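Each chain carries a letter (A, B, C, D, E and F) given by its place in the written order, and its residues are counted from 1.
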Amino acid sequence: MTRQYTRHAEGSVLVEFGDTKVLCTASVERGVPRFLRGSGSGWVTAEYGMLPRATNTRNDREASRGKQSGRTIEIQRLIGRSLRAAIDLKKLGENTITIDCDVIQADGGTRTAAISGACVALADAIEFLRKDKNGAVKGNPFKQLIAAVSVGICKGEPVLDLNYEEDSVAETDMNVVMTEAGGFIEVQGTAEAAPYTQDELNAMLDLARKGIAEIHQIQREALKNS
Amino acid sequence: MTRQYTRHAEGSVLVEFGDTKVLCTASVERGVPRFLRGSGSGWVTAEYGMLPRATNTRNDREASRGKQSGRTIEIQRLIGRSLRAAIDLKKLGENTITIDCDVIQADGGTRTAAISGACVALADAIEFLRKDKNGAVKGNPFKQLIAAVSVGICKGEPVLDLNYEEDSVAETDMNVVMTEAGGFIEVQGTAEAAPYTQDELNAMLDLARKGIAEIHQIQREALKNS
Amino acid sequence: MTRQYTRHAEGSVLVEFGDTKVLCTASVERGVPRFLRGSGSGWVTAEYGMLPRATNTRNDREASRGKQSGRTIEIQRLIGRSLRAAIDLKKLGENTITIDCDVIQADGGTRTAAISGACVALADAIEFLRKDKNGAVKGNPFKQLIAAVSVGICKGEPVLDLNYEEDSVAETDMNVVMTEAGGFIEVQGTAEAAPYTQDELNAMLDLARKGIAEIHQIQREALKNS
Amino acid sequence: MTRQYTRHAEGSVLVEFGDTKVLCTASVERGVPRFLRGSGSGWVTAEYGMLPRATNTRNDREASRGKQSGRTIEIQRLIGRSLRAAIDLKKLGENTITIDCDVIQADGGTRTAAISGACVALADAIEFLRKDKNGAVKGNPFKQLIAAVSVGICKGEPVLDLNYEEDSVAETDMNVVMTEAGGFIEVQGTAEAAPYTQDELNAMLDLARKGIAEIHQIQREALKNS
Amino acid sequence: MTRQYTRHAEGSVLVEFGDTKVLCTASVERGVPRFLRGSGSGWVTAEYGMLPRATNTRNDREASRGKQSGRTIEIQRLIGRSLRAAIDLKKLGENTITIDCDVIQADGGTRTAAISGACVALADAIEFLRKDKNGAVKGNPFKQLIAAVSVGICKGEPVLDLNYEEDSVAETDMNVVMTEAGGFIEVQGTAEAAPYTQDELNAMLDLARKGIAEIHQIQREALKNS
Amino acid sequence: MTRQYTRHAEGSVLVEFGDTKVLCTASVERGVPRFLRGSGSGWVTAEYGMLPRATNTRNDREASRGKQSGRTIEIQRLIGRSLRAAIDLKKLGENTITIDCDVIQADGGTRTAAISGACVALADAIEFLRKDKNGAVKGNPFKQLIAAVSVGICKGEPVLDLNYEEDSVAETDMNVVMTEAGGFIEVQGTAEAAPYTQDELNAMLDLARKGIAEIHQIQREALKNS
């Protein structure tokens, strides 16, 4: 994770996990969406995009097609939900933080890499806001680091962080988002091809827990160097 | 579950769970999307919609806004993935079955009601295709019934099938899709407000398992009366 | 006509004419569109939709195509104009009533069934508003019941309420909307294939008058049971 | 009516009725829409547009809003239906004629002026096709001239061709499309404000018949000068 | 150039250069876009469109495709920039003038004809505003006439105002916009096929200067007759 | 310029000019757009995008707005035209090369940086195609390096490569694209605020010529290290 990768954003992190590279920026804006106006509460939202040639074959640019794909929308909703769990929105005051996760190069696990990197960018943006006298922030809105991994079952074995090749033959694909304290924020396990058992679910969650602990370590180290 | 609720579709089921009413129709078309042409394999896909006044306050009609909401897209992708797990697409031949799930009235759990009802409509559509000499179906493409429930943690307690009021105060919301044999097809547990523990996860899954067993019973009974 | 078919809307009617089933809901909202703000006058508008498999072959879902068809737009404009004729907009105060007409199953005459049913849902919504102390309604905004039928010339003969099979071979198709007092609100007669004479026009209008009288009777009976 | 107003189109007529000016062009293309392919039959379709400042206040340009208004769509469907009644589509062969009606300046009655002018442009396009050896036309596809007027009831009196000022206060507005032989192609009478009686309907139709006879005369004269 | 070609717009000019005919209207509206509110400054913007059959073969109507083409957008940005150079926006007060350039018939050079004609329509709109007591205009916002021509290199020779046939074989195409005083507002020279030299550039600019002087003369004469 | 910055694309260059960072990828696809099918000729096209937080304040993501801005469209058309001048499309065979230019960080001159970097990515993609036995390439389609700079007049002085701060106060902004042999491909000089003279034009072109010569040197060096 490289912090301050770009210079304009209040938080900006380049995450590189294997060949996957995602740029996560956090942008602070005064004001909140209509449904929160006057509530004193802030908002955190996320957008996700993939550069057209981040993958092996070129995908149409969503901006020129005039439409985000269903996959994009599903992912950015997951990222947004996960990051809101890291923040006490009440303490944020009426500020909005928008997280942009743009995939420069993809090799599996882009959504979980995005969540893990975005959380660090979010921490930086919160620090920025806390130093701002007009920021309207009360106390520390940052509750906890959250991190994510994808796990799967590939040829009968639980595997951490599937790369692209494994991803396409995996029988099951599961995204897990957890807090530092070990609580689950999101568990999304999908098995189009072959159902999985409770034992397999537990094995995947164990593996995820270990992977996430390592990422939390990487996040803490990244945040140490200010 | 009322089968043959409308007369044109190859499969058509009205599901009523509490105050939630969802009309699920299955439509058979010859041919498959481009990425499957010539593969000999079929396809199952789903679309989801909510009538504008299915809920307590009117929502904009997605057709006139010109855009499906992120929530709609997320739900219809979940339904499609779940239903494909019920079918052996190879045996389906180059046919496409489109499942439409339209919410007439909403009171929580519309996506899981939709999955459970749609599976019965899908079974009827498969029967229709098998009777068709030109249907190109090999053997029985229907592998297994799948059903879904939503569970949650509300005021610290695991609860089955949250209604709308409980839904909005639930700390955790989890959708579970399972086969008759007890395998997991999809587990989606989200906790924006408060993370959940492995124990709570297990308690929710136990509850889900029981609820799904009952729905499988309802599905089998509905399918008996032909 | 089944009133209170769904539980959330201020007015909600299921119309069944032959195999045609249309759900009409009336939703009350405070405020009016921009062009009426400050005028003291209210507004009534309508939207129309057909579930994808309401007909014999599945139609694309307009929400996922991102566009309403020309036919849909033409129909919802007709419904809106017709219903505004039932109401004294001045007396309505600055409230908006949105009528949603969703076709569950189609067998000809969906637009006229929609108008006839929607007028009853509208009457219920007006009653709801009149009981609301903050409703800003002056007196009774409901002026008169309006109802609609389609008539046509099929094999040289005037016919009431063409079903789908007749509809496609009809030489002429006419939609007529009338008040209880026998005044015309809308006459729309189209003859793509063979022009019609003044005599045929009159024969169709006579038939329409009789059909509409029956529907007004059905509306009155439906409204009696409160 | 000025024929050959522009030089590229196969038919091109500028209609000026009062201050209303509409440019109608007819464009011939080989081939037909998908639903007619292989049928041997041709197709006639119409599109309608209004220049942004054709009216007293500027309207948004539909191309930049990305959407045609409901009014535009309703009008272009009316024009298309009316013009198809002038043509024997079977004799047209698999050709498509697209009529573009663009309003340069508006002062009421643009849709009926468009129909009357477009029919002359259509006649020219048919002549063009008949002279083309590869045109695949059988005999004369042009069946009859059709023309249109708008009539209304204004301060209790039937009035022909409402101008813009009258239009806005008219109690009833009716568009009538007729053949030279006096048959009705389309009757569209709308009374949002005050219902009209059968007598008023007849009075309006009488007036329309006279107005249309004059327009047919103008069309015949325009077509004489080749 | 025919001034007051239509009657509603504050400025309205039909430009005919060869077979190219463009209708330019200038519409005055109170208020400015958000980014200028409260600045005391006005705004001038332009939109461009081509009637579907302005050219030799019919183009899709942009309003029904739901999207302006890249070419359209590029042209209307050029027109807007050029016209803003004719005006002192500070003196305009918080008014917006929208220029619509609609091509009735195209034979090359539509964008430069549009700029030259639009400038005259703009001058009329400014006069309209200056006579309006509530217009909030300070002094004379009209700074200078601007005019435009296209030049090119065709078979090695610099040519003024390419017509359509020359346009398609031209090696280089250059649009030049100048003030009466001989200053450049915009120079856009494009050579997809063969690069051009500084000498060729100068030869084209010389030719452009002469052509533009003639157009300025035509503009002045058009403006004399009020 | 860093070649092979990402690993999937046939050509991939990161350009860094000052604080401006643009990722340019070139993607090869078999086949050409419809208007070239069967011509034996290839095609080169470009798309441009800016990450939402590439600039000082966050811009809406074009994919979620559903529309590319006019500025984006204008820029990607310029890039595409410029790059086609580097290639002999006839020799390319029926292949399409799509150039994606995505701005990671912006500080003025993004469009000219994009052109200069994209030309190197294009050269790599051409090499890739030439090595491909099935590539259908005849000889060497790469004709010449092209490069671009922006120049302007700032406080009366010609300036090369305006950074963002200068950009906003510049009186004139000119983009120049040239070949190695010194021919002009594109000259685009815009002066919204103050017209420029022929002398100023020449001064800017002189400056541009020098700047472009340096960039050609950087391109050649980047291409040496294979």
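FYI, a residue touches a chain if its C-beta (ideal position, glycine included) is under 8 Å from a C-beta of that chain, and two chains touch if they have at least 3 such contacts.
It should be emphasised that the depicted structure is a prediction, and the values quoted were computed from it without experimental measurement.
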Chains shared as neighbours by subunit D and subunit E?
-> none
Path length in the contact graph (subunit B to subunit E, fewest steps) | 3
Identify which chain pair among E-F, B-C or A-B reproduces the interface of D-E, meaning that over half of its contact pairs, matched by residue number, are the same.
-> B-C
Distance-wise, how many Å sit between the C-alpha centres of subunit A and subunit D, to the nearest whole number?
-> 57
Taking each chain's mean CA coordinate, subunit B and subunit D are separated, in whole Å, by 49
Residue numbers in subunit E touching two or more further chains are 66-67
List the ring in order: which chains come, beginning at subunit E and going next to subunit F?
-> E, F, A, B, C, D
Hey, which residues of subunit A end up touching subunit B in the complex?
-> 70-71, 73-74, 76-77, 81, 84-85, 174, 178-179, 181-198, 201, 205
Subunit D residues touching subunit E in their complex are 6-9, 12, 19, 21, 23, 25, 27, 29, 47, 49, 51-56, 58, 61-64, 66-68, 72, 98, 100, 102, 104-105
